[in-house]
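Both complexes below contain chain A, partnered by chain B and then by chain C.
What follows is the complex of A and B.
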């Protein structure tokens, strides 16, 4: 398991090199540069050339990329070309906000979606199944920003229960968590339902019932125990995505998170900041996926023993 | 049962569709002139709120007048509060002593400034002529900043004593005092800047000091007790950027903002609400259609005349801004309240028959004309213009770009688009026409290069205010009305919602509003 984790961590290196190259190339191909965001009415061509040279834009992209990669290998993510502040300082300031928003959204989503999915599977084809399916479809088809605005209108404008924008208190967490979590409810509910229905057709459940195992135990131990893998994959993927920041939710609720920072960096052609943010979020995403793989092993003895067999084979060799 | 449910759903759908067809409220006229409201005077002592808050349009990530990445309209708004300029230009365009108590110039090239004594910076340092020297030196090394545009024209300075300085310009500029009177030309402190490059640029001599900056979110300003001038009426002033319009208007409704811009769609909702007062003004900026004079079709005057006779400015304003603005007043490109506006140059009226005649005489032969636009309201304008041009058979396609792409694609040297639908910033000074009309400037979206205009602009810049200067600027506008490299469409109006009892802000048409003396009265009548 340790060896496997180490291998996965080593894989980060080519991933990050690829990611940085792609983002660097895309930023270079996009029309306009950071200097174009700075042009004032009185600036002459000379001044513009001075700024282009200041930001190395007079050099080919590959030279700039090489320089960036060299700094990256020394652990330096660089500084924002706009503000001059280090990428790490700006990212680390906003990262906790995004992380808490993601975790709470996920907790909210999972807490509602898994019981709903179990209910839908247990009463498949009945009114309960139709109701949960309808809610799931609603969650999937409702755009994030629309739900966000509706929640703002009802709970902030009309009822005046929650603030309209981030103010650092727990109350400002509620609406973005609900808006962000609602889409998760939909997909996790559907995943839970279909996984449980798949497992329900397995022979070992019939055997368990034939042996007289109580239905509750059949559901919690045998059904859910075997249905967890795709559900956890889904949850892990969602956590990974939201850790990269939800630019839409962050914009609607003025949430000082990473997504908003990245959008701002891209719109102002701040390549260093955009690359730094992408590297850090890609790392977080990869770590979450690794964690998901480790959780598989923890909950499924077959995967655990597969890891162990792999280890023994390597020991023999 | 199923039929009943289906019918109910259809009914809901129809009601929804009809509700969307509701009649639009007519747009009220904005105040034509900039506004400022002063606290009402009376026999009783007024009680003010200690804390005020303001929505700012631009995100502020860093405050540093010398950093090209830190330039936006917000610089002018917090600039009024954190810093002072040598001279203050009020809403009537009168110059009022500020850090300089007196100034003079015999030739509009060398200026003498006598400075105010006893002025303290927020860090306790005393303001002297050396700070002006520092600001000029530092500004000259900062292309891409507003302060560079103001002070780079200074060729040299001579410190006469601690409280007197002479500035010599590279060339004569009658409008130099205006240039340095803007809040984007603050005088900074050498000690503060050299000791702390991060927070040193925050230090000014203004009525407030910056207590806290949350990048891209908010600025918290606190009243400066040692301020030399008129003391603020509040103790704390918070400026905050909220990206989503609905959220910020909810914050205004919920009294989380004292002052907040209101988008055109929401104006009727706030105007009819007694909890709020609305301040409005017409911006100096002019929205325009710029023809690329370098390209054969748009360079053909007959084609430009055809377009001029086709466009319906009222319709453009109605779609772009729900009618909240003022139609361009003259046939030449000029700011709304910019000096020396020639009102004798009529707009070319919409006349489709004439438009078709001109189009037939032009070299246009069914080609697709590319129209480039960037801002939401200019994109809306462009779409209306495209629909109108199709009425006389001009084929168009819209090229929507974000701001950096727009700047790059329409830069003077590589502007390859046929028509730009844009918005240009005008100051009250007529010299601001230079950036739209002279070669090499990126605001010159028409790629207009007329040596006569260049010469007239240079002459006007060196001519003192009076009939001679007026004649020069009038002549420039006559040439523009004849050449039509640009067609002015409308001036945008801005509406600011404030809590009842709030006022004291000076709304400048340059958008550099001054909230230094803003207030909010408790229990207003």
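What follows is the complex of A and C.
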């Protein structure tokens, strides 16, 4: 188990190197450089040349990348080319905002979606199931930034119940969490419904009922116990998606998070900042996926025993 | 002689395929969700055709300062925007972008994904490993971010937005195509194609891919919904089709400054994005049931 986690983490190093190279190369190919955003009317040719050499822009991309990678391997993500603040300080300052937003959205989503999914599966084929499915479908189709703006219009501008932007209190979390969580509700509900329906056809449920297990316990223990795994995958994926795609909802609510930081960095051609944010976000994303894998093992004895027996027996994912 | 046999088998396989399509269509028709999705999608396509024929770009960009922020009325069903332009016409005009993104980006992702995914699944070994690790890397970069970077490099226009959204879907299609090729490739007809001397590449693209297509079609249709949403999101962030072009996401972005006194500028474009994604999602669900009757009990 420990060995498996260690392997997964080691495998992550080549991925990070490739990802940084891709982002670096792409940012280099983009028309315009960081210097172009600083040039003013009164600058002379020499000033511009000085700036170019300051950012190593007179050297080929591969040299800059080598330098960056060297620093990265020593754990130095560099500093923003615009503000001069270190990437780490900027990121770690904003990360909690993004993380709490994502976690709260997920909690909100899961709290509503799992009961809804269970009910939809229980009443499969009836009007309740159809209504739940239709709402879930609508939720999946609704652009989250639009929902965010709608909530903003109603609850913040008209009714003035919640603030329109981040102010550090719990009240400012409400609207973004709802806007972010709505799409999650939709997809987790659908996943819950379909995996419970899958499990319901299994024979061990009949066995459980035959030996007199009360229906409530059949649902919570036997059905849910086995339907968990695909649901957890879906939840893990949703967490990854919100962590990585937080830019949109953060823009709507002027949320001081990582997504907003990345949008700024990319549009201002701040390669170091953009790269750093990508690395850190991708790391967080992969850690979440690893965590999901470990949770599987914790809840599914079959998987746990496959790990315990060592590498040879491990089923390829 | 051999050519005659070939022609015959081609005719019969074509006949079978038509028969299959008809059966799928019959099943699809009985699914109310799929029918609703299809109707919405057709309506949106009709709106696009109407806008291409009757709404000129000048008409939707010309400034009419007398009519600013008119609320929805009989004359302007969706109201007018901050420059007095008819919002309904702008939204209708914008339908072309969303439809193009829905079909175009998924097409890009599907073609590239099927190509590499089927090669990976069919050959296995180091080819498989290489392609799948690349897919892993691609999927460890968040899609929104990759899209922003690609649009920044290539420039903000429709084609580049298509590419940006399409690239983000490639990894998914590679995995999907690989998985379905793996299940198909051990069938007897692949063996017999090899026996009559078909080249490996030809086997992949004439025997294996067509037979593993149905899960891919389902994914593609469902993916269209996601693509519409992420393209709108990118445009909303300013990395996509930008004002004055009336892309729906860009329209919502433009409405942010006037939410207080002209919320209708935000309502309508969002409703249309939602309709479009909803139609694709419904159709995807319906197709899944229609293509795989085993799933339905």
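Convention: the second predicted complex is superposed on the first by the 306 of 317 C-alpha atoms of A that agree within 3 Å, B and C clash if a C-alpha of one lies under 4 Å from a C-alpha of the other, contacts with A are read in each partner's own complex, and residues count from 1 in each chain.
Simple rule for what comes next: a residue touches a chain if its C-beta (ideal position, glycine included) is under 8 Å from a C-beta of that chain, and two chains touch if they have at least 3 such contacts.
In this text, all values refer to a predicted model and were calculated from it rather than measured experimentally.
Visitor: Touch check for A:165: first (chain B), second (chain C), both, or neither?
Guide: Only chain B is touched by A:165; chain C is not.
Visitor: Using the touch definition from the top, say if A:267 reaches chain B (first), chain C (second), both or neither.
Guide: both
Visitor: Would you check which partner chain A:236 touches, where first means chain B only, second means chain C only, and both and neither mean what they say?
Guide: In the superposition, A:236 touches no partner, neither chain B nor chain C.
Visitor: Return first, second, both or neither, reflecting whether A:117 touches chain B, chain C, both chains, or no partner chain.
Guide: A:117 sits against neither chain B nor chain C.
Visitor: Go through the superposed model and pick first if A:142 touches only chain B, second if only chain C, both, or neither.
Guide: second
Visitor: Which holds for A:257: it touches chain B only (first), chain C only (second), both, or neither?
Guide: In the superposition, A:257 touches no partner, neither chain B nor chain C.
Visitor: For A:47 in the superposed arrangement: first (chain B), second (chain C), both or neither?
Guide: first
Visitor: Looking at A:39, would you say it contacts chain B, chain C, both, or neither? Reply first, second, both or neither.
Guide: Once the two structures are laid over each other on A, A:39 reaches chain B alone.
Visitor: So, A:84: does it touch chain B (first), chain C (second), both, or neither?
Guide: first
Visitor: Considering only the contact definition stated at the top, list the common interface residues of chain A for chain B and chain C.
Guide: Touching chain B and chain C on chain A: residues 30-31, 149, 152-153, 157, 251, 267.
Visitor: Going by the contact rule at the top, pick out the chain B residues touching chain A in the complex.
Guide: 59, 61-62, 64, 67-71, 143-146, 148-149, 152, 214-217, 240-244, 246-248, 250-251, 253-254, 256, 401-409, 411-413, 425, 432, 435, 440-443
Visitor: Show which residues of chain C lie in contact with chain A when the two form their complex.
Guide: Those residues of chain C that touch chain A are 33, 136-137, 140-145, 148-150, 152-153, 155, 225, 229, 232-233, 236-239, 249, 252, 255-256, 259-260, 263, 266-267, 269-270, 273-278, 281-282, 285.
Visitor: Could you list, by residue number, the parts of chain A that touch chain B in their complex?
Guide: 30-45, 47-48, 50-51, 80-85, 90, 93, 149, 152-153, 156-157, 160, 163-166, 251-254, 256, 260-261, 264, 267-269
Visitor: Help me check something: in the complex, which residues belonging to chain A touch chain C?
Guide: These residues of chain A touch chain C: 15, 18-19, 22-23, 26-27, 29-31, 137-138, 140-147, 149-150, 152-153, 157, 241, 243-245, 247-248, 251, 259, 262-263, 266-267, 274, 278, 281-282, 285-286.
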